[in-house]
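You will see chain A twice below: alongside chain B first, and alongside chain C after that.
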Partner chain A sequence: MEIFIQTLAKAIALGSIYAIMGLSFVLIFKGTQVLNFAAGAISMAGALFMSILIADRGFPFLPFTNPLAPADGETAGVALWIVHLMIALILAAILGLILERVAIRPMVGQPLFSMAVITLGLEIAIRPFNLDATAITGRSVGVPWGTESWELAGAIIPKSYVAAIIAAAIAFTGVYFFYRSRFGVAMRAVAFDQEAAMAQGINVGRVFAIAWGLGAALAALGAIFFAMAPWPPAGTVSLEIHPIWIFRVLPVIILGGLDSVAGAVAGGLLIAIFEIFAGQYLSQWTNILGPGYSTIVPYIVMLVVLLVRPYGLFGTEEIRRV
Partner chain B sequence: MSFGRPLLRTSYEEDAAILPTWFQKGSAIVALLLITLMALGFGPLAAFPKFLLGNTWINPVTLTIIFAIAALGINILVGVTGQVSLGHAFFMGTGAYTAVMLGGNVGDEESWKACVPFHDNLGLLESQGQCGLGLPIWIWLPASGVVAAMIGVLVSPAAVKVRGLYLAIVTVGLVFIGLHLGRMLPEWAGDFESGRKWPKLDIRLWKEEAPLVELTEDGKWFGLIHLSEEQKQFFFLFAIMLVMLWFAKNLVRSRTGRALQAIRDRDVAAEVMGVPEFKYKRLGFAISSAYAGVAGALLASYNGRVSPIDFGLLLSVDFIAILLIGGAGTIAGTMMGTVFVELLPDMVEKFTAWLASKLDAGGPVGLIANFLLTEGGEGDFGPISIATVAPGWPMSTFQWNFVIYGTLIVVFLIFEPLGLYGVWLKVRNYWKGWPFSY
Partner chain C sequence: MLNISNLEVVYNEVILVLRGLSIEVPDGQIVALLGSNGAGKTTTSRAITGLLDNHEGKPTKGTVTWQGNDITHAKPSEIVKSGIAQVMEGRRCFGELTVDENLATGAFTNKSGQKKQYDLVMDLFPRLAERRKQLAGYMSGGEQQMLAIGRALMAEPKLLIMDEPSLGLAPLLVQQVRDVIKEINAAGMSVLLIEQNAMMALSIADYGYILENGKVVMDGDGQKLLADDDVKEFYLGLHQGDEEDSGRKSFKDVKHYKRRKKWAS
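Here is the complex of A and B:
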């Protein structure tokens, strides 16, 4: 029973992180029709910004010290940590805005695949800088609760899990209400038909910028919550984070449907539950399934679902015309 | 004659020819001649690649030839049939492992037992090391293409069910499942990190001791001409590539090729015109995978030792980049893209080495070298590190190559969607009307 609760908590926490990343993908796809393969690079850059702010007490790219950061050897309080988190997210959003302006804006109206490959190029180009900044060893994001945990009916539940779930809930609520705001309606109009939206007086360029800024901030949020204690690479920003985003989150958004906010959350939770439970309860067959089999569970779930529902669980079916 | 008018055709035979104008025929013959002389080490000609790529230039060029075969395959699937696939590395891996299971020689009579997966766990057979039957190249090379094609046929129903970006991500899934199979089956794939040995490129009739045609040792070929090991492999692979190139070129301009292009342009419209969608998507996957399988087998056996990690997603991305930088859907563009993408890293490395040699030379070159390079001393600020140090801000040429590669993909897509082929078209059209602008 304890093992079941622990596994469930882990699955929901991982699902929350997947959901945050999925929301980032969906926001960018709905706004600009781009499948953002560069999310891995952007999210890792965001986590690195956080690490530079709070662990190195500096600012990325600037030779100043960060006056807010806690002194050497101390960890920040929760409130101070959240302030830093906000600054890191804003920096990530600025990175997203720059990328959108430089690489995505000139491609408006090009085929979907060309846009996706542009982001693949961005991913390859940014990755060395990220790997360079991590300098192989992992970097801390200065989590105030460290490795502490709560106990629930004999099961040990790390505080990081709860924090990730809260972050996902806030992100989902935020995105949900954003879609019902003025900007959100504009974004949906742009996603439906760029030219018609322009004719209605919507500034399409601004919608693109907002989608990329928010998408990049969400991607960074996901990575920061994955760089905490109980998660695999020793709870730090490390090289491991990078491939995880891109390659483990893709099944999530495909499963939920590329353009569905609810689908991102449902897909994230579903994939994480399959992945974590398979990792926990099938481990006695590891010698047949092979070591690390749980990492391909998301892909197998995705393949099975796609063959039944080709546009994901909640995705909009494309109407094919001659 | 049709000099300067590349699209003018005066007879049906001319229109149907692979190289329609005498200028194209002539330049193809001259190019073949130049490449042959270059590979034979003919002084002034060999100096050119030596200048760009260094003294061991024939190795990267041979690798480029193998990549060209695989790139022709992805061009048939993505460029001609329009089915976006990021799973090319998986099919290359399929070909490579078919090759090693048929051709790999472990010197063990019962090594076939290792070819049965999970025999340890099921308690059926005793473990016999690594799987390999020791068959000759004329069996394993075609077989690697055939097996990869069969896997491609198995995958192709997904292309009918799932479209566009969704299909691209399904094929990403294939690559990861392939990597996992490599981890699951050490009897087939060897150690996950270090891999296993591949059969050498030797032509034998059967399992006899002395090969019919020696490819992996220096010596006289057919008692005629003295060639080094690298040169022999270069000519052998170049011949295979020419055959594959000829087939691809013919496929694209045949009835089948036109059907594939109809599906790319609008699948529903193609079906209305009587082009069965599923049949031709299946064919596209089969042919593309066969190319990938042959290229994978050749790549692994040329390298001698390959691990499953080498058939990862980055390899697939390489081919998409080749296609977009070269120009999707065109054979000439694919070849240009392969040469550009595969040789650029070596050129950057050679250029950096050349700059490093000029560090103390003074003058403008020395200034540039000092500005760009860092040896790791105090106050040395260049962005490229040439000292062998741990990662840190001055990045090595290896890392800068990735930055250049990613930037190139972005730049080409933004400014020249038709790729290098589009650049060539512009140059050609400029000179066609010269001195007038059109």
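Here is the complex of A and C:
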């Protein structure tokens, strides 16, 4: 029973992180119709920003140090940590804006395939910066609660799990209300029919920028919470989350539907449940793959979804009157 | 007042679509722009609203001026802000958005007047008021046309460009659209009505232009055009002559040089 509760908590927490990443994809896809393959590198950069701010106390190439950062050997309190989180997210959003401005905006109106390949190129271009910074030493994101955990009916539930769930809930609520706001409606209009949206006076460039800014911030949020203990056991930003990160989120958004906010959350939770439970229980019955089941099961689910419901659980089927 | 003078538009750097078009839309009037397929009607509306870029088109010569300002190369959002809204050809409602959200997109440049215009649109189209929360994609063609008109009105325009508002609508609905245009115009808005349905357009237009191959070949008062023999023959499908054989006429017998000569004079 303890094992079950523990597994469930782990699955929901991982699902929350997947959901945040999924929301990042959905925002960018919905706004610009581009599947953002650079999300992995952007999210990693976001986690790095966080680490640089709070652990290094300032950027190495800038003359000033971060005045807010906790002193050497101390960890920040929760409130201070959240302030740092916000700054890191803003930096990630700025990175997203720059990438959009430099690489995506000139491609407006070009085939979507070219844009998708450009994002793939961005991923590869940003990677070395991240790798240099993380491959040598694992970097801490300075979590105030460290590796502490609560106990629930004998099961051990790390505080990081709960934090991830709260973060996902906030992200979901934020995106949900954003979609009903003036810019959110404009974004959906642009996604549906770019020219008609322009004819209404909507500035398509600004909508693209907002989509990329918010998408990048969400991606960073996902990576920061993924960099906490006990995901990588040491609780660091490390190499291992990065290279395959984007491909771990792919089943999530395909299951949920590429353009659905609710789908990103449902897809994230479901895929994580499949993944964690397969890793925990399937390996006890058969020994062919051992813990490797957790890697494979999400992709099997993805294949089945693509065959049965190509638009995902919540994705919009094309609306057309006949 | 909207003034287009000697406008030339080229698509893909080679295809010359408008060849020195000049039209004028005075304040408070309905001006009809008629022409057959490929005459350049839609290109004209794109040129005014700055949407040529999306179709690889460019104005190469001539100017579009709106209330004294040159807007030939202005951005679509600036043009909407300056008071020109359009109802696009084929309605182009946002199918995945509700009626309310569609209307909200129309008011994107007009945040302060949104409430006022919303009430106005709901008064004008009671049908939309019943369907506020419905997805636009599931509505009938007529309702979508009303939504498209309502959406354009949300921007509180001084000039409304309507591209084929009667396209694909039943005759009764065409009547309704016609009445709406008159009502909008009576409230002080100028309308540039781009149509293939010449009868409908000319019956309400103060002035009309007939476009062929990117040029104005004929213009005049709506009533005058409606009475013109050539317009009757080529756009209204009515014709005189050969009365003896029950009014049927083969297109084989249409003498093209005849309209040439007449319009040239």
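Observations, loosely collected:
By definition in this document, the second predicted complex is superposed on the first by the 307 of 322 C-alpha atoms of A that agree within 3 Å, B and C clash if a C-alpha of one lies under 4 Å from a C-alpha of the other, contacts with A are read in each partner's own complex, and residues count from 1 in each chain.
One rule holds for everything that comes next: a contact is a pair of C-beta atoms (placed from the backbone, for glycine too) under 8 Å apart; a residue touches a chain by one contact, two chains touch by 3 or more.
The structure presented is a predicted model; accordingly, all values stated were derived computationally and were not measured.
By the touch criterion defined above, A:35 lies against chain B but remains apart from chain C after alignment on the C-alpha atoms of chain A. When the shared chain is aligned, chain B comes close enough to touch A:296, but chain C does not.
Once chain A of one complex is fitted onto chain A of the other, the partner contacts of A:189 are limited to chain C, with no touch recorded for chain B. Residue contacts after overlaying the shared chain place A:288 against chain B, while chain C stays out of touching range.
Once chain A of one complex is fitted onto chain A of the other, the partner contacts of A:198 are limited to chain C, with no touch recorded for chain B.
When the two complexes are overlaid, the chain among chain B and chain C that reaches more residues of chain A is B. Once the two complexes are laid over each other on the shared chain, residue contacts for A:254 go to chain B alone; chain C is not touched. Once the two complexes are overlaid on the shared chain, A:113 sits against chain B while remaining clear of chain C.
Common to the chain B and chain C contact sets on chain A are residues 320-321.
Those residues of chain C lying in contact with chain A across their complex are 49-51, 53-54, 75-77, 79-81, 85-86, 88, 92-97, 101-102, 104-106, 108-109, 111, 135, 137-140, 151, 155. The touching residues of chain B, when paired with chain A in their complex, are 84, 118, 120-121, 158, 161-166, 168-170, 172-173, 176-177, 180-181, 183-185, 266-269, 272, 313, 317, 320-321, 324, 390-393, 395, 399-400, 402-403, 405-410, 413-414, 417.
On the side of chain A, the complex with chain C involves touching residues 109, 182, 185-186, 188-189, 192-203, 316, 319-321. Against chain B, the residues of chain A that register as touching in their complex are 35, 103, 106-107, 110, 112-114, 116-118, 120-129, 131-132, 135-136, 247, 250-251, 254, 258, 287-293, 295-296, 299-300, 302-303, 306-307, 310-312, 318, 320-322.
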